[in-house]
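The following blocks contain the structures, represented as structure tokens.
Two complexes come next, and they have one chain in common, subunit A, joined by subunit B in the first and subunit C in the second.
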Partner chain A sequence: MTVIASTPGRTAPASRPPRTSRRAGTGRLAAALLSPTLLVLALVIGYPVVAALRLSFQVSTEGIDPRTGFVATTSHYGMGNYATVFTDDRLLRPWWNTTSFALASVSLEVLIGVSMALVMHRAFRGRALVRAAVLVPWAIPTAISGMLWKWIFNSQGVANELLGTQVLWSSEGFHAWLSVVIADTWKTAPFIGLLVLAGLQIIPGELYEAARVDGASAWRVFWRITLPLVRPALVVAVLFRLLDVLRMFDLPYVLVGPRKHSVETLSMIAFNEMTNLRFGSAAAYAAVLFVYIAVVALAFVKLFGADLLGRGTRSEP
Partner chain B sequence: MSTLSLTRLSKRRVSGGGGGGAWARRFGIAAVVAYCVAPFYWMVVSSLRRPADQFSNAPLPAPASVDNYTAAFDPHNGFGRALVNSLVVAGVTTAATLIVGIFAGYALARLHFRGKTLILTLIIAASMFPPIILVVPLLRLFTDAGWINTYQAMIVPSMSFALPLAVWNLTAFFRQMPAELEKAAQVDGCTPAQAFRKVVLPLAAPGVFTTAILVFISAWNEFLIAVSVVNDRHMMTANVIVSLFTGQYKYDQPFGTQMAAGVVVTLPLVVAVLFFQRRIVDGLTAGGLK
Partner chain C sequence: MARDLQINSEEGTVSSLRIVLGVGRTPAGHGGTRPRPRAAAVMAAMVCASVLAGCGDSGSSDSKDGPKKSNDRGPITLATGKDTTGTLQGQLDRWNKQHPAEKVTLVELPESADQQRQQFIQNAQTKSDAYSVLNLDPIWVAEFAANQWIDELPAKEFPLGKMIPAVVKTGNYFGRQYAIPFNTNAGLLFYRTDLLDKIGAQPPTTWAEMKQDCAKVRGLPEGKGIGCYAGQFDKYEGLTVNFSEAVASAGGSVVDAKGKATVDTEAAKKGLQFLVDGFKDGTIPQQAATYQEEDGRRAFQAGKLLFHRQWPYQWTLANAKDGSSKVAGKFGVAPLPGLTGPGRSSLGGLDLAISKFAKHKATALDFIKFFSNEENARTNLKVTSAAPPYTDLYDDPALRKQFPYLDTLKQSLASATPRPVVVHYGDATAAIQESAAAALSGSKPVDSALADMQKNLSAAIAEK
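Presenting the complex of A and B:
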């Protein structure tokens, strides 16, 4: 009876398998199954990240080679790129754009997404229709949706007509910033809605029954039962969205355009440096973004206790 | 396991309401559907107008025309070729990712070994990387390697977001399958590897399929990598080329043509969403909740 190698720890005591050979066998199998994935991740993520960090410390200077008289690029390692990035006033603006996009979009998305989830949860007829509709914004490629919103926000477009305004939305300034927030919220609020809906569906109905018997108002039920129980799902959804907005590139790039101060994110300024072949400072901007995202993610997990792995480390009962 | 019965219970409770609540509910549903579909509807409507009516804001195209679609597929835009490029890049990325990721998903869901939490954490952390930090050094590397304007230059970096997504979803799906399956197979004398190949894999087909849809959609939507490593129109993906469409006059943005192309790029995904909505929702929520 040594065959039950994969029995979960909780039910195992009945027949504890002899440890040595099976354990080693499972470990070897796990290593064999996981190594392709880990190898690919090391190649496509691990190596580039290390290379980018190295690149960000590599300072290139163009000068005249005294012996040949030609222009030559020499490079050495140092803090030069970071010094440029941090002293240049070009860092603060993209950093603030990135941050304000994240704050504004994610707050709006949570409000709209939770409302959507509450509506969808109560929809017992037409559930399939709603679910299909909700997936439409998610399925449209971001670049395409950027163009769609650029068209909607065109000076002669439908947004101005509906609002009765003559705003030049996607040119520069606050309106451009707002158009990106609206487009991003439209596309991703349904995603939060879906995750929250899934969280709502596992709340036992008895809790609502009990609250009703106790005479709790609908508002009170929402704050005291629904929200606390849906919180784990919501926290994970918000974390995913937050990290996604912080690296945003294609939406402002297509909707407003490159090198626009009011919408340029850290990803965009790094991209811009890269396309101008200033790889060192591009890597430095990217590294700043990378560290920023890591800090936000860690702080978020610490503050809200996002249980990302879920019951990931445990087996199903 | 009690989830199902509980959902049913809460449904019964909800369906008990009626009267004024029913109207509020219907209004809510209509609002959600309108919110989600209206901009897409506008894209379709705009694409079906005659180019001369481009700036009309009427809710229906009258008279309707397919001129914008003809213009989108005009050879000088290279849109047809771009669709093929998108298909190749997204398709190969999906296939390669699944082949690699399926084993990892199984191991993480079923096998017990040291360091599993660490590996799960690594994989979820990997999915949160800003792609720009990968693209900067890779662009330099690909330039030196002569990979600029090749499919592999788009496919290889795409695996950085596709593989964590696939592994994460597959792990959730394998975990949902009853563990008794492999136990029975092992009692019958299969090794763990045989149990995986002969019992688990065939039964996991729906989960693998759902993961394939999710990965394909995310690869199809990719923009930053594609716009960085390709500068030849013949190798651009559809997303990139649509944003570069030029009109008759250089500075006149041909929105009608772009909307038509946008509909062509999006329609397969919307159809897939309509067909597989239940699976897609299961897959999307699997990462967050299971």
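Presenting the complex of A and C:
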């Protein structure tokens, strides 16, 4: 009764001014409540990004004093680091490696991940066990799984034993590239599988029943019902994986090793520059990678319409 | 709680670097599930870190003086790679008992050398006084000295005359002693005594002899298909070591006494040619192109290699009687072979130095004297089988009984050459590995590989 009595009062025109001011108050409160988070984000993400960008314009020259042997460093701001990045012949190969890793392993992961999800979605005995088992690779830290695969791809390892070959996986060549793709797919297909499984579980069963009544084939059901409805989840999963693979560092570094050109990625180049104390040029490589990833992500979102902000599923024509 | 904070503070400083480089997971990672307390802790840690760096600056009135003039005494730290032997703390306890007011705390860094170097450099760049005495890989001494991250030491106060000269040189930069040898290391030629006895051969002193022995052993029924020779040929620091050894064993050098690159010489060509031909004619098994120390050790222990260039640590492991080694008691060691006579090894080991930004440098200097003295070197050899820098320990009968390879190791060390002394060692070793790997895989002829190496190595030496 009180509810009914109060409702018309709130919607009445007379009470509108207090309502807007209350909303403004709520906005201020929300901003105040969010400000610690924003402050932390500005400090731990905003500042380092800006600092790195500034660093990437800092060109350092070093000289060694012929009498004492001491290093004397002078630095100024300029485009020198970027000029080196784009004129050096070191950019193209790592860029292609980074891109080809992303294309190859994400495609494989989508195929395997979706199949995994379809299997896990079925009701059968031991389903919980299968779900847990599928997740194990995802739970292993990348550096550790890199070590595991390093043993498998050792010259005297299991891979050669099983295949009956003598491939030197960690030497330069296509096989090194392939070993990274295999290890990455093994590790992260479950991630796609899990997100797709979540998407599958919200598809109402009635749709499938209706399809069965209409006499649709299993393939048609998958193509016309499952895939369109699971698409939002799949697109987000693929976007995450793309971003992850494009800045891949640990797996090729551990599995094959640093400075192996067949698997060297842009992150590894930046890391190599940093370990040799060329921080400016390292920051420039990192900035180039940052822009590249941003462009790829933006293009992907535009193309496939990833629903990142949670506006809900868009209905496609 | 205190422990948690410590861990987080380390993460905090590292994470800012990670973000800068886009390495590893950014905090936005997967759906922003990171709980807020952790972010707050990281932030707190970053504030702490910047405050600490400030402290390091203000307290540096002493750090400007070298350890020679310093009278500043007090507690210090020893920063060293992970103590895999578990014996370091015992030695520090002995010092701490005698010097209760000048205690030394052990700071353990990661096991990987690259990560140790990064921690040392971070410490130096923030001018932190957290590390007093640094246990450095000899190849970093030039870089640290040139950047003035370590202090010159008073060479006269150390028994350097009793040490192996080449080992003492690893702590030297521009004619000044910046570091004191803690231990050392050199390569040995491990060979199968059982198989060489069958063909009635002595261990080879030249590459040609080695190849002849291989051909004979392969003619034996038990030597059929055995790999002849292997070292460390994967593209990493081990390749630099093995390439430098091949060049030195052919009478050349990678970098001469004046600090100039000399890999375009005839000797360097002969050295690299030996390795390239080895891969081509099957002297070196194809698999060895991916060998690091442990891969080669497994092959040797499985009886798949007749000769193996390896560090002395393999002695104990390959002699294990628990079934892990098929060659226990069936192998010996000799100095490395060369082009016309015995070859020359590269040097490994560790050197002790004092951080420029440390406090209590007088204590640090005294501690290095204690830590690097002959008694401790003897204990280290006995307990961890680390090769001592002191010459006379190699002639000690009791030690020789325990380590029968000591005599050979002494010969190897006597003729050993330090790895190139280059300030930008990272770039220098990359230049060497790049061209050497290309030549070994056959993708570049020896001549052009060495021409490229000469160009890139010179550039690394004269960088910018």
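Just so it is clear, the second predicted complex is superposed on the first by the 276 of 317 C-alpha atoms of A that agree within 3 Å, B and C clash if a C-alpha of one lies under 4 Å from a C-alpha of the other, contacts with A are read in each partner's own complex, and residues count from 1 in each chain.
We take it that contacts are C-beta pairs under 8 Å (C-beta built on N, C-alpha and C of every residue); 3 or more make two chains touch, one makes a residue touch a chain.
Just so it is clear, the structure is predicted and the values come from calculations on it, not from any experiment.
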| item | value |
| --- | --- |
| Simultaneous placement of subunit C and subunit B on subunit A, clash or fit | clash |
| Touched partner set for A:Met274, first subunit B, second subunit C, both or neither | both |
| First (subunit B), second (subunit C), both or neither touched by A:Ala52 | both |
| Partner chain in contact with A:Gly257 - subunit B first, subunit C second, else both or neither | second |
| Partner contacting more residues of subunit A (subunit B vs subunit C) | B |
| Which superposed partner A:Ala283 touches (first subunit B, second subunit C, both, neither) | both |
| Partner chain(s) touched by A:Ser170 [first = subunit B, second = subunit C, both, neither] | second |
| Touching partner for A:Asn154 - first (subunit B), second (subunit C), both, neither | both |
| Contacts of A:Val213 with subunit B and subunit C, given as first, second, both or neither | neither |
| Touching partner for A:Ala30 - first (subunit B), second (subunit C), both, neither | first |
| Subunit B versus subunit C as contact partner of A:Glu62, first or second or both or neither | second |
| Those residues of subunit A which subunit B touches in one complex and subunit C touches in the other | 37, 40, 43-45, 48-49, 51-52, 55, 154, 156, 240, 247, 249-250, 267, 270-271, 274-275, 282-283, 286, 289-290, 293 |
| Touching residues on subunit A, where the partner in the complex is subunit B | 3-9, 25-27, 29-34, 36-38, 40-41, 43-45, 48-49, 51-52, 54-55, 112, 116, 119-124, 126, 128-152, 154, 156-158, 161, 186, 189-191, 193-195, 198-199, 201-206, 208-209, 232-233, 236-237, 240, 243, 246-247, 249-250, 253-254, 266-267, 270-271, 274-275, 279, 282-283, 285-287, 289-290, 293, 297, 308-313, 315-317 |
| Contact set on subunit C toward subunit A in their complex | 15-17, 19-24, 26-28, 30, 36, 39-40, 42-43, 46, 114, 117-118, 121, 145-148, 173-174, 234-236, 286-287, 289-291, 295, 298-299, 423-424, 426-427, 430, 433-434, 437, 441, 443, 463-464 |
| Partner subunit A, residues of subunit B touching it in the complex | 1, 3, 6-7, 9-15, 25, 28-29, 31-33, 35-37, 39-40, 42-43, 46, 55, 57, 100-101, 103-104, 106-108, 110-114, 116-117, 119-124, 126, 128-141, 156-157, 159-160, 163-164, 167, 171, 175-176, 179, 182-183, 186-187, 192-193, 217, 220-221, 223-224, 228, 239-240, 242-243, 255, 258-259, 262, 265-266, 269-270, 272-274, 277-278, 280-281, 284-285, 287-290 |
| Residues on subunit A engaged by subunit C in the complex (per definition of touch) | 37, 40, 43-45, 48-49, 51-52, 55, 60-64, 68-71, 154-156, 166, 168-172, 240, 247, 249-250, 257-260, 267, 270-272, 274-277, 282-283, 286, 289-290, 293 |
